[in-house]
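If you scroll down you'll find the structure; I have some questions about it.
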Amino acid sequence: MLTRSLKDRLASRLMFLVTFSSSLIVFLIALALYARARPILTAKPLGELIFSSSWHPLKGEFGFYPFILGTLWVTALAMIISIPLSLLTAIYLAEYASARVRGVVKPLIDLLAGIPSVVYGLWGVLAVVPLIRDYVAPLMGRSLGFIPLFSAENLTGYSVLAGSIVLALMVFPIIISVAEEVFRSVPDGLREASLALGATRWQMVKHVVIRKALPGVVAAIVLGFSRAFGETMAVLMVVGNVAMIPSSIFDPAYPLTALIANNYGEMMSIPLYDSALLGAGLFLLLMVLCFNIMARIILRRVLREEW
Amino acid sequence: MDKRKEELIFQGLMIASALIVIGSLVFVLAVVVLKGLPALNLAMLTQTPKGGYYLGGEGGILNAITGSLCLAGGATVLALLLSLPIALFLQVYSGKSRFSEFARLSLDVLWGVPSIVYGAFGFTIMVFLRVRASLLGGVMALTLLELPIMSRALEEVISMVPLELKESAYALGATRLETAMRVVVRQCLPGILTAILLAFGRGIGDAASVLFTAGYTDSLPSSLFRPVASLPLAVFFQLATPFPEVQQRAYASALVLTIIVLLISLGCRLIGGRFTAHVIR
Amino acid sequence: MANPHISVHNLNVFYRDHHALKDLTVELPERQITAIIGPSGCGKTTFLKSLNRLVELVEGTKISGKVLVRGLDIYHSDVDVTEIRKRIGLLSQRPHPLPMSIYDNVAFGPRLHGLKGRQELDRTVEDHLRAAGLWDEVKDRLHAPASRLSAGQQQRLCLARGLAVEPEVLLGDEPTSALDPMSAQHIERRLLDLKENYTIVIVTHILRQARRLADYVIFLYLGELVEHGPAADFFNHPQEARTRAYIRGEF
């Protein structure tokens, strides 16, 4: 009898230990990256690292500005493409689609989430890049080229736009599934109340559901953003990887993640290089942590409130 | 604007968006199948790279297929061994405490960590321990990637176990551990299998976390301490060569990877209806 | 009372701030059927579950007072709670078979408590399935999943499962309310047989069931013990106005 309750208590301790140490992993990662990034952080002022454009590791110059901007461009454009499409799809699934349609569409969206990033990257190389090179860039360049944002000087197709399209696809399932859950958590009573006042379905969605679900929608977008921000392989394969500050969506870019993936582990002989790359990793991690913590806290509030 | 017109416009936009989203999935799959199928043959699946393979010579990607299965398999086992106690602890033992809130948040946040960061972190640890790129390193990095996915999925299925079912075990004098292991786990078996498949699928597709930690090799996996090849990296490296024949093989490798992922997701659907003989509804 | 099996002294149960049981003091007679009656939400389930310490699984419950089972205070900190629950079986409102075969359901408890041999297990399973009146219906499919049984059969399986740990007290929380009349009658008959050997406490909403089964009756109202006594006195000469009203169906 004693052994049974003893076992129970031992198991409880053990499980607690596993849980506790697993929840420290995030901190451990941050700490390890910080420890390795310290040499560069002490050698260079933070301002120079972030705002200098001169990236010459051999000369000991580590300006991350072009890479940070590369990441921002690609991510921002991906979100511009993804947000409206994902939110409209989520509203459709939560408010309009019949159970049968949902039953077909949701597994497909889960599938979209399951496709490996290299496969998206390959798709980008095989389909998106040629499409941009042969059609989109020349067409837009000719018609809208006078606007710097659309000037098509890069003729390869490997561009910010290609990276963003690939990323947008990868972000769809995240925003859609979180937003759908949030929409569905809006109590039916509110819906009925507004329908009973003679609102059309869309008016009901616009005035009641979206307003009520707004924090959750923001959280969904933030989660999608942070996913796009940290994505590596797929982007690396299609953005061109040229260390320049993009000024047009057809320009190539070189996001931070691609920088790490392309160079880390190979250039250990150059002093500070390795430390600089881990510093970039730390920066990515901290950004993503902030976004995630924010989004999760919002989601907890939103989803719990309604249950 | 007329409210009926607005309704129609927005319904149209929504359906169009849903179609674009689904269409893009079809587009991706179509490109991978159309490009990959012609390049796929038996030799690809049954041979390892021979001399001159990356110049267009004989051979296949058996090294990458087996390597990926070992990497993802090992990581899934480790992740299960860690997440089952986590999920049971959070659901059966601790209930709603500050600590469990913290643990959940922390695991959720871990989910969001980019896989390149797992890779870099793993590599840092390996340098520290003087381990070189190896199966072991890759498994560790992938375990970190799979852990939050699996523990969340497990927690979700375990939370669905009716309270009364647990009460009936307690009422017979079962301890929490006995209730957890003999009743809760059995009741959740289909969900646990689904979680395992889900995590395996994520693990097998991830490239960035194995890039530095697992390395790449032309031979079959032989030891925990040797580098292993993996399918995602096979796609990546072969695509980067300048030879069309080798690039074709990248397409075939991507197709193999996609088929594995599709089979896994199909498996998840099938499990929904199987292994449920004993499950109490 | 000559020899109470369970005596409850000043029992209070709180769910967070909700005071669900208010200072209950009562004794339950040995080898008799005690029925707990009262309107919905008055604390019947709570009372029952505080007799085998299942209440404490609900988060935020506070319990004070004493529950003595044959003189042993089950809330004392030295007491092994699993041992208490083994001594006091529970039949819940809806049947909750465990996710395993019929055989394993009945063998679950004995196995937990250390019974190993195949033959002993076989015998226990058969004995208790017989005691629950289920043996003839399931003897050919002992290894089929319990989930395939009908609700009435499942409830009898739960009875067999509860009996198999050889408890001294059997608690039932409206054990027939989810069953069809035939199955309900079946369970009632079992309970009458079982009171030869067990002290039985059941919650019921059906006054007629209480009259049919009970030797002793406890009436709860809004968490308070209003009246208790031998069934004949209770039903024929209720002392309290609230009891009379309840028996007349005025709630």
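Per-chain residue numbering starts at 1, and chain names A, B and C are given in the order in which the chains are listed.
As a working rule, contacts are C-beta pairs under 8 Å (C-beta built on N, C-alpha and C of every residue); 3 or more make two chains touch, one makes a residue touch a chain.
Note that this is a predicted model, so its numbers are computed, not measured.
In terms of inter-chain touching, the protein chains here all touch one another pairwise. Think of the whole protein's Cα atoms as having one middle point; the chain whose own Cα middle lies nearest to it is B. Chain centres here are means of the Cα atoms, and by that rule the chain farthest away from subunit A is C.
Once the centre of each chain is set as its mean CA position, subunit B and subunit C turn out to be 47 Å apart.
Note on chain placement: the centre of subunit A and the centre of subunit C lie 55 Å apart, centres being C-alpha means. The centroid of the Cα atoms in subunit A and the matching centroid in subunit B are 18 Å apart. Taken residue by residue, subunit B touches two or more other chains at 175, 178, whereas all remaining positions touch fewer. Shown for subunit C are the residues in touch with two or more other chains, namely 82-83, 112. Of all residues in subunit A, those touching 2 or more other chains are 4-5, listed in ascending order. By the touch rule above, subunit A contacts subunit B in their complex via residues 4-5, 7-8, 11-12, 14-16, 18-20, 22-26, 29, 32-33, 36, 84-86, 88-89, 91-93, 96-97, 105, 107-112, 114-123, 125-127, 169, 172, 176, 200-203, 205, 223, 226-227, 229-233, 237, 257, 260-261, 264-265, 277-278, 281, 284-285, 288-289, 291-293, 296-297, 300.
Contact residues of subunit C toward subunit A in the complex are 80, 82-83, 112. Residues 95-96, 162, 164-175, 178, 182-183, 186-187, 189, 277-281 of subunit B are the ones that touch subunit C when the two sit in their complex.
Contact residues of subunit C toward subunit B in the complex are 52, 54, 57, 59, 82-86, 89-90, 92, 94, 96-101, 108-109, 112-113, 145-147, 158, 161-162, 165.
Those residues of subunit A whose C-beta lies close enough to touch subunit C in the complex are 1-2, 4-5.
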